[in-house]
Amino acid sequence: MQKEELRSEDKKSSYELFFDIPVGPQHPALKEPAFFKFKVEGERVIGVDADVSYNHRGIEKALEQRNYIQNIYLIERICGICNVAHTLCYAQAVEQIHGKEIPPRANYIRLMIEELARIHSHTLWLGVAAHEIGFDTLFMYVWRDREVVMDLIEMLTGNRVTTAINTIGGVRRDVSDEAKYKVKKGMDILEERLKYYKKVAINDPTINARCSGVGILKPRDAIKLCAVGPTLRASGIKNDVRADDPYALHDEVPFNVITYDTMDVLARVLVRVDETLESVNMVRYCVDHMPSGEVKIKLPLSPPIGESVSRVEAPRGELIHYARSNGTNKPERYKVRTPTFENIPSVCEMLTSKNGYEVNIADIPITLASIDPCFSCTARMEFRDVSKGKTWIWSLEELKAHCKKKGI
Amino acid sequence: MNIVKWARLKSPWLLHFNTGACNACDIEVLAALTPRYDLERFGALLKASPRHADVLVVTGPVTRQVKDRLLRVYNQMPDPKFVVAVGTCCISGGVFNGCYNVYPGLDSVIPVDAYIFGCPPKPEAIINGVVALLKKLEGS
Amino acid sequence: MYPLLELLQILIFPGILFAIFLAFIYEWLDRKIYAKFQNRVGPLYTGPMGILQPFADFVKLLAKEDIVPNDVDKPLFNILPIFALTLSLTGFLALPIISLKGIISFNGDLIFLIVLMTLICIVVIYAGVSSSNRFSTVGAERAALQLLGYEIPMMLSVVSVGIMANSMWIYEIVSIQSNTFWFLIGPGILGFAIFIICGQAELERIPFDIPEAETEIVAGWLTEFSGRKFALFRLTRNVELLYLSGLAVTLFLGGPSGPIILGLEPILYPIYFLIKTLFVLFLLTTLRALFARLRIDQMVNFSWKYLIPIAILHILFVRVIF
Amino acid sequence: MSMLKEIQKSLFKKKATVLYPFKEREKVHIPEGLRGKIVFDREKCTGCLLCSRFCPSGACEIVVDEKGKRPIFHLELCLFCAQCQEVCPKGAIKLTEEFELAAFDKKAFTIR
Amino acid sequence: MNENEISEALKSKFGNNILETKTSKRRVFINISTKVYKDVIRYLVEELGFNHVQTITGVDVGNFIEIMPHLGRGVTVTVKTRIEKNRPALSTITDIVPGASVHEREIHDILGVVFEGHPNLTRIILPENWPEGVYPLRKDYTPEQPVPMKEVS
């Protein structure tokens, strides 16, 4: 029925040829198996349809079948890039059920690693964004300098990406004085380079041409569609879990919440670069003020009966875990909601042309990238944008049949 | 050595396919192309279209939904083609072993030529794996 | 003349074989310089310094399976790669290398060269359309739009040279330049800049790689080509790179001319030609490393708002002087 | 034109690349405590099975040999999380810094 | 507005329909009866300004399914309500907060709860070929791995 309506409308404007442009599951712009189907008219995008079921692995069920220690490592594999945020959130949720506080040194180490991971994630994103707009030189430079922070993480935790540092009741490795010195030295290099990249992002004519005025998300829509993280802050709304709901030691370590109000992709770039600079300062503060003492307390394997909600500001935005225990060594229910899941309605809004706001095919990759999508986090999402009250879904076969009939 | 075989060894073009990974292996595969590691030294380029590629680099556990697409991409690649499984999840399902939506390993879906262990492997380990694959082909 | 010698010239030096050989070397150089700009090393283990890398790529692609998808336009799909290569090689033959005259040389051959360049782009459009893949179609669409953008300023800049030399014959243009060398250092520099920018667009390299933008439309019009056909298209690109930098040298940098010792012209001329084309190649690669990809509407805007007016003013200016 | 300056600089800068597998092996960043291939010391093992109980992916398989129960580590399942090393009361399990783990056989790395 | 003020405000507004409240640092858990579910959410969103739906959790607790929207940006208010497992239906809150749509669809997928009035309650996260009527996060579902392919087509 809907298809017929579509066709009748098609006849009215027979000079327009509608295309489906599939993006994903294997597509150079998305390194992840999400699937976006764009309805385009020439170069103009008029509808979008997303499917993220490719990455659904059934983690939440698996969490109910393993004990609390095993779950740390399963939680870590929800997302490789924000694994620190996930384990931190998990550890906090379980500690809340236990009702125990962890030693301050452990908190400092957690925060330091979290901020290092944020630097790693944001620089990674900056490089990928440069790659999306075809700026390979910048991509290479950013990733070259990112190796500094990767080496630091590897030195502190034993693996470049998957840190496995947080555990229930503290952290698994202590930080030596030599390591602290190296961290500070690395931060100096990074700060200089990041300031340079900020200059490039503001001044470079082609970056400006590609990023400013693209992917607009108005503050009202952002609130309505529950956007989180840098996507929300780039729309000019001051919101950060670290400030609103401080965890670990975020009420002690000073930092600024960065907002920009141009609402476009360039604002998201600048929010992330500035946040990285903030993180550099926070890591320095942690290194300077780290108290001595234990890094771990021993907690029983089975927490008491209870429930808790734990929130963490992951690099991509607010991350929330809900845990419910039943007194055994396995959780009764563990729910994970990741930032990308919350941001997908917003990105679909950004990618639909309407009322004088035009979206080009060429803008798709950078706009998609601008929310820093992490579908492995999300793994559970499909969105069907309703353009003019109809869903635009055609399979390839239908499209072909249609084209044949029209003699195209 | 005959010239065709030599050319094949010297120009392995990669196609990266993520079958539902946690992104850790993906960023390490991407990192292997960046200045510090520079896979282009071996003539490897990351290609976008399956029609141009020789080596399929797969990361992540194979989920139910992605299996058909993986097969389609695999069939779209021109012969001769090689498959490299990167990371524990891809090799055997790893931590997702027993999940209702995950196949136990890539080799249960398509034939695999080389395995690179690690969770995620260091970019050096990936380079080492690619070089090992090329060496093996040289010998065969 | 001697027909055998001419045949040798066409086939071997400085003809087709030399062009293909040089095209491989140029791709290697392009990749190496690009890598150097990015602080990497680029191809390294294929031959000394990786110099055989493009050749290895070519041979490998030739030996790969050649897939012809079901719903392509088969005759077009099969013939176009050969057609593209032929066009670019023909263009190369018209460039003066061992003497001030190209192998193909006649009065008005400059126009012939411009037509050849446009034809290559039209082949690209056909290639995209014939694959009947959605990405290819979008790529072809973009290639057509881009053609509208860069073709006119490019022609205007070429014509400005013709006005300066008062001839449309490459032989005359080059000989005038070899007597006086004020073409680039004088009023020609603007035309040279326009030609380089448009050349970058013709070659579909960053910032104008819009028709084959990897992150947007996979490989654009090239998406469905595999094996042999893809190899030929890649070779076409390389020969075109060589041909365009050669043309820039011929028109603006005095072609193969330079200080000569009498009697050694056949050796010195190609050396000068190579040195000058390497300079142009370096410029092209720098441009490629310096920018992000533009959007198609931005590219066309840029061309019509800035390039074309500047090119027209340049022509008026040149006309007034000469 | 800050980008132009940067690429000019990198034209004369030393390469960032480590020519890893053939040369410059010593330049590879291998910090102390890198989580790589597992080494197992049969002498120290008492067969307490804690490693198997806490292994998140079931990489520790328990078998019985002449001296009693012991684990076998299947690296194709291993996450290199070092949880087994952490829980082992006798220090029989250790993760070494060896990271070059490429093979043509899925079962190539089974630590006995 | 601190945690206790929120629970007091809710109690004075809805009286007996608030079954139980529990507060801890920046967390409020309230148990409500199903019939005032939508009114409580509307009150929280429109009057008290908790306009951000963090997520909606669904838990299988024996004969009931517990649905818990988590609201707010600073303080997190968790509203709990129970519906019967045999006839799992609840009114939607997407008309109040459009961002909640995706979470409701997720719950529909994994627990089989029908949200009445939802504009587009279709499959989100499960694969296309997943059998209808099988809900993986219900306690009675026992997972099994998919069978490997025998040969490559």
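A, B, C, D and E are the chain letters, set down in written order, and residue numbers restart from 1 in every chain.
Following the convention adopted for this analysis, a contact is a pair of C-beta atoms (placed from the backbone, for glycine too) under 8 Å apart; a residue touches a chain by one contact, two chains touch by 3 or more.
All values reported here derive from a predicted model rather than from experimental measurement.
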item: Joint neighbours of chain E and chain C, given as chain labels; value: A, B
item: Separate pieces, if any, that appear once chain C is removed in thought; value: one piece
item: Most widely separated chain from chain B, with each centre as the mean of CA atoms; value: E
item: Centroid-based (C-alpha) most distant chain relative to chain A; value: C
item: Chain pair with the greatest number of C-beta contact pairs; value: A-B
item: Inter-centroid spacing, chain C versus chain A (mean Cα positions, whole Å); value: 42
item: Rounded Å distance, chain A centre to chain D centre (Cα mean); value: 28
item: Distance between chain centroids, defined by C-alpha means - chain A, chain E (Å); value: 23
item: Averaged-CA centre spacing for the pair chain E and chain B, given as whole angstrom; value: 40
item: Junction residues of chain C - those touching two or more other chains; value: 37-41, 44-45, 214-215, 218, 289-290
item: Touching two or more other chains - residue numbers and ranges from chain A; value: 27-28, 53, 56, 58, 61-62, 65, 73-74, 77, 137-138, 140-141, 144, 159, 162, 204, 379
item: Contacts with 2+ other chains: residues of chain B; value: 34-36, 38, 41, 48, 63, 65, 93-95, 97-102, 105, 119, 122
item: Touching chain combinations (by label order); value: A-B, A-C, A-D, A-E, B-C, B-D, B-E, C-D
item: Chain B residues within the chain D interface of the complex; value: 35-38, 41, 88, 91-95, 97-98, 105, 107, 112-119, 121-122, 124-125, 127-129, 131-133, 136
item: Complex contacts: residues of chain D adjacent to chain A; value: 1-3, 6-7, 16, 29, 31-35, 54-57, 79-83, 86, 95
item: Complex interface listing, chain E residues touching chain A; value: 24, 26-27, 29, 51-55, 57, 59-60, 68, 70, 73-76, 78, 97-103, 105-106, 109-110, 119-120, 122-128, 136-137, 141, 143
item: Chain D - residues contacting chain B, complex; value: 15-21, 28, 56-58, 74-81, 99-106, 108-109
item: Residues of chain B defined as touching chain E within the complex; value: 63-65, 67, 71, 74-75, 93, 97-105, 108-111
